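Shared between the two complexes below is chain A, which has chain B as its partner in the first and chain C in the second.
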Partner chain A sequence: MEEALVDWSRAQFALTAMYHWLFVPLTLGLSFIMAIMETIYVKTGNIKWKKTTQFWMTLFGINFAIGVATGIILEFEFGTNWSNYSWFVGDIFGAPLAIEGIMAFFLESAFLAVMFFGWQKVTKKFHLTATWLVALGANLSALWILVANGWMQNPVGMHFNPETARNEMGNFWDVLLNPTAVDKFLHTVSSGYVIGALFVVGVSSWYILKNRHIRFAKRSMVVGAVFGVISSLFIVLTGDSSGHHVAQTQPMKLAAMEGLYEGQEGAGLVAIGVLNPEKEVDNDKDPFYFKVKMPKLLSLLAERDADAFVPGMEDLVYGNTQQGILSTPKKMEKGDRALTALKKYNEAEEAGKDSLASAHLETFRANYPFMGYGYFDQPQETVPPVGLTFYSFHVMVILGFLFVLLFLLVIWFNLKDTILQKRYLLVAATWAIPLGYLASMLGWVVSEVGRQPWTIQDLLPVGVSTSHISASHVQLTFWLFAAIFTILLIAEISIMVRQIKIGPK
Partner chain B sequence: MNFFKRVWNLYYEGFKNMGPVGKKLWLIILIKLFIMFAILRLFFFPDILEENFSSDKERSDHIINEISKP
Partner chain C sequence: MFETLSHLALQQYWWVIISLVGAFLVFLMFIQGGQTLLGQLGKSTVERDMVINTLGRKWELGFTTLVVFGGAMFASFPPFYATSFGGAYWIWMIILFSYIIQAISYEFRKKPGNIMGRKTYETFLFINGLISTILIGAVVGSFFTGSEFSIDNLRMTATSTSASSITRWEASTRGFEILANLQNILLGLSVFFLARLQGALYVINTVNDQTVFNRSRKQVIYNAVPFLLFFIVFVIMLLSGEGYAVDPQTREIYTEANKYLHNFLEMPLVGILFLIGVLGVITGILRTLLQNSTKGFWFVAAGTVLTVFSLFSVAGLNHTAYYPSTFDLQSSLTIRNSSSSHYTLTVMSYVSLLVPVVIGYIWYVWRSMNKKQISSDEMESEEHAY
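Showing the complex of A and B:
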């Protein structure tokens, strides 16, 4: 496939997915924070909590309205730019995405109306139920698309039909409960909760800095910070589980995340480090200019054993017989066998040569798990961009820990009732809002850049997934999307900022 | 008042009494949906396999040809 076409298709998908993701996490996080605030109102009957809930609900509404349907564009791209891939994934995406559509429509749209229009129309408890259901609906609709993404990272629960060239769902529960999908869902939604918390704490801090709505701000800030701490602990747990599963299913990604070229027993986790950009899998240069490692932690994360062996990129490319790791050239041979057998199977079927067809089918089935490797010319092509993956991962983790510290300090100084004097903390909390988005985006970069060159792990590389269309067409729509999404983002920020400046009633 | 009338009133009065921010957001939603479905989807994002082939058999043959080794 033409390189420019693949690159533009990839860039366009990255652009639209990342812009879409600018709107989603606040919806996920803020919806729960509003529901908690409204629960306090219903429990205490204190009208101030009602006003607090209504203010954050307005900001939620702005974000929801501007972000709604931005994900649909990704589905347009599947049909136009990624038709090979779309056909290949077959029914696997159909069921989860259909459920997402139904769930998002019925749960969110029905109860969203009650949430916004129903304050004077329904009972307090019914309204509260609607608010919780909106939060639940938003999070559940994220579940299905993340299940689909989890399947791409670790394809399970399906069998490939060589006559139709489609994957067919073998077991729905295997797809839904795929450990990669479960981790991905929990880790991703909890990053949304942290963004929601940072948003509430940051906006509240801004009010205090401006000496406006002080009581409202302190009230909101405490809820946001407590929710943020709980979500951050959850994100650490799900991140740990995610790292463990990545080690099992995508060891190359884990090696890139850690800049680990040579496998080690009792491998340490890099806390901070500067990579040597000249290091490649096929040279002997030192991978790092500088690094600080936490001993044995990577082995513990990957294998739940502090002394276990963690393969590096060189082990995965060139193989390691001692550790039972198959080399990429061997996988390429198997992949080549699968692809050749697929072609011959269909030719034999067409010619009515049944016994020959079943022999080719057997060869195909035996080598199918390595099919994607058959498309590569060089084993080094299976190494993802190491620098981008490594730095994205480490900056994300560092920011995540800084957010925990921020939330804890906010709670502590609120408890001591000295938060109004901590201007440095209030300024930091305000600036933490964009940093939260940055951390979340970097998480996606780790997830998606780290699994290159695959669209579907081990089965289909990106270069084979694209449609035969002109690169200039993709380039044109890339810039169209860039313009539309930028306008939407400017609209979101300007309406949001205006509403924040107006403040709570 | 029956259930359906109450639901109707909820929406009707909600939209009628909507503030300027709500109206602006609805305008943005409608413009966005129009651009997405009436312009982008229609003119820039055809379903390649749907348009170029008339049956699933043809689509399958095309993809097998695309993904398997020559």
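Showing the complex of A and C:
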């Protein structure tokens, strides 16, 4: 019953987030591409660039509407389905959400109307400014929501108030400049730029394959591919930096991403591999059926030192005294102590026993960093789903590198002016659109599934984050969301495809 | 500058901001109200297109204001966020569903390949207009009438899922019970008819078409009458009934006869704003009906903002529990027992300095986009019309 509530709440959030993420990345990337195109139009006065901009804007609009529709649900779900979480950290987590609304959403919504309907109503320059502001607004909103997410992965800049049972913000700048948040923002928005670029290059390729709108397609394709190659090189850099920070703050997630059970010095990075599904932390089976490793790269990624030790899941669960890693059962003991002390502190306060209260408070503070572990029964519960995390990570990385290659080839053949003959490349570029979405989605799977069982790393497990509601209610809303989002997605794709077939005016 | 303010001053400041955002949210519901009038105002395709397009250029502002209302509540009064959204689950879910179908309808309505056809999307707009106004009105009504929930911080130390919930909704109907209260329903219906009234006035203000103008004027009468009726009864019930007060010293919560009347009298500025607001709404209606003016919208808009602002103010200021619990009086939320910390409110107060900037550019964009009224010619020539 209780597990069902947690699972359905999780499923509902995952569903909403996944649907939302089908639409947002294109908004992030395409908004900049449109702004660049419109800038070329304003600079050159060439009406063809205006038509080009307007065509991509139509697609942007269709996509934007449904992104907004799914986004509102995500925000409110923190309250509707994760009310204990909202109570526990609203003080910190609410702030970026509110700032996102004030700073970003209004910018987008006010200037979107100018962008779509203002061509005849405002000056060229004002219109161009509006387009850039929409792009800025979209990206600013990504910043704040990813600051919020980064904080869940690596909670910093706060302290716990034992009287209200709430965490309070201690330093706003720590929350904003949290290295995990910065990585998260840069890596995620650049994935949006790559999707925007893949979309423009892919649709343009399709036109060339169909022998339609050739000049329009080539014009769009070059802007898209140049934007894409810059973005995908950037994504590699931010990916590397993300990996490094995950190692520092969420070693369990990193171990799951790599299928690393036993820690090693000079650990290699798995290039490609097949996991043994029967392997668990508490058996001696071989973790892999097959793998190709790149020597020492994991140590280099994690610790910036090719010979450094990288802990595996077994080290993290059972401890490793040599490396100074505390075992999970020890952490659970400390967590228990924190929870008990918190309770006793409040009881003593109420009874007016001040000295007793302060003694309990001291115990609580000493054990607070492990408080979340107090909610677990078994140390193995702290291991995330390894298979899903591992495969998602590796497929994402492989696709990421393939996109760099794709953009480079597109640019190269455009420079040589032989792109029209490279049909295999054009077909590949068309198919790369869904692959771009897949890669980006898998990135979120790595980030969020790899964080399990925590809502907030080390502080609050998912199991005690939910609202107080019976699972059947959540189950019903899950199916309602699934139905409506699926219908809207089908309508959206159908409209998009139709618009693409109609083509630029 | 904000860091030198007391915690209470910041809490009051933030309640004022929440009241302001709430006021703008209700004002912007002219979009929802207009959505329910599509059938009455636009009989031909062109007429309907004009109405939809004039509303469609603003819908995102209303949507965003709802999101910001939620976000601002989350940041400044997180226990409310946890209690109300997680508690009155179904009411909020239904409201959210109605906004999902609004968000895509303008964009998808006339696009080829939209699968469900134009009519379906127009029905979606109608549903959003009908549901969101009544339900949001009713939920705000529960700020005065209370809900059944309990709060206990120590539950956090229990280790099982359900036992660890700090806030619990004690009504098994999960929000539907809000609709069983007459006073809540009255406010819901008031908001609904006010939104329709505003919608009709907005169309008068922005659409250049005699037929649509005449129909809109009729709708002003049809909706002003029920609005005034429901609203007056609501106000009488509010002022004559009991309210939820909090003792500033002991922080104990108790019921007090005529609490909200006292709040108006003890905060005369709020009382005056309320009266000016109501007067503004009536002036706007009369100017439209008697003088054939197209500017009535702005009087009603300003009046709505002031009235709703003052209603929110009496719900939370002057030692009042803004989210009362009828299940356990002491679990009621007040701005003092449910706000973010001094630090967070300080940070957010600096962020709030952006609000005038936001209002400024929205105003600027509004003026440049609404300079010329929408006409049937524009519907045929516009490069991107809904």
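Quick notes
Going forward, the second predicted complex is superposed on the first by the 502 of 505 C-alpha atoms of A that agree within 3 Å, B and C clash if a C-alpha of one lies under 4 Å from a C-alpha of the other, contacts with A are read in each partner's own complex, and residues count from 1 in each chain.
By our rule, a residue touches a chain if its C-beta (ideal position, glycine included) is under 8 Å from a C-beta of that chain, and two chains touch if they have at least 3 such contacts.
Predicted, not measured: the structure shown is a model, and the values here were computed from it.
After superposition onto chain A, partners chain B and chain C are found to clash with each other.
In the superposition on chain A, A:L112 makes contact with chain C only, not with chain B.
In the superposition on chain A, contact of A:V236 is made with neither chain B nor chain C.
Touch criterion met: A:G463 reaches chain C, while chain B stays clear of it.
For chain A, the partner touching the most residues, choosing from chain B and chain C, is C.
Contact with chain C, but none with chain B, is seen for A:I102 once the two complexes are overlaid on the shared chain.
Once the two complexes are laid over each other on the shared chain, residue contacts for A:M169 go to chain C alone; chain B is not touched.
In the superposed pair of complexes, A:T340 makes contact with chain B and with chain C alike. Of the two partner chains, both chain B and chain C are touched by A:I62.
Once the two complexes are laid over each other on the shared chain, residue contacts for A:G374 go to chain B and to chain C alike. In summary, superposing the two complexes on chain A brings one listed stretch of chain C into steric overlap with chain B, and the stretch in question is 95-103; the others among 23-31, 95-103, 185-193 or 347-355 show no clashing C-alpha atoms.
Where the contact sets of chain A with chain B and with chain C meet, they give residues 58, 61-62, 65-66, 68-70, 72-73, 76, 79-80, 83-84, 86-88, 113-114, 116-118, 121-122, 163-166, 339-340, 342-343, 346, 374, 464, 467, 469, 473, 477, 480, 484, 488, 491, 495, 499. Across the complex, chain B is touched by residues 58, 61-62, 65-66, 68-70, 72-73, 76-77, 79-80, 83-84, 86-88, 113-114, 116-118, 121-122, 162-166, 336, 339-340, 342-343, 346, 374, 460, 464, 467, 469, 473, 476-477, 480, 484, 488, 491, 495, 499 of chain A. Of all residues in chain C, only 53, 57-58, 60-61, 63-64, 66-68, 70-76, 78-79, 81-87, 89-90, 92-93, 96-97, 99-104, 106-108, 111-116, 153-154, 156-157, 159-162, 164-169, 174, 340-341, 343-344, 347-348, 351-352, 354-355, 358, 361-362, 365, 368-369, 371-372, 382-385 touch chain A in the complex they form.
Those residues of chain B lying in contact with chain A across their complex are 6, 9-11, 13-15, 21-22, 24-26, 28-29, 32-33, 35-36, 40-41, 44-50, 56, 59-61, 63-64, 66-70. Residues 2-3, 5-6, 54, 57-58, 61-62, 64-66, 68-73, 75-76, 78-84, 86-95, 97-103, 105-114, 116-122, 126, 130, 161, 163-166, 168-170, 172, 339-340, 342-343, 346, 374-375, 463-464, 466-469, 473, 477, 480, 484, 487-488, 490-492, 494-495, 497-499, 502 of chain A are the ones that touch chain C when the two sit in their complex.
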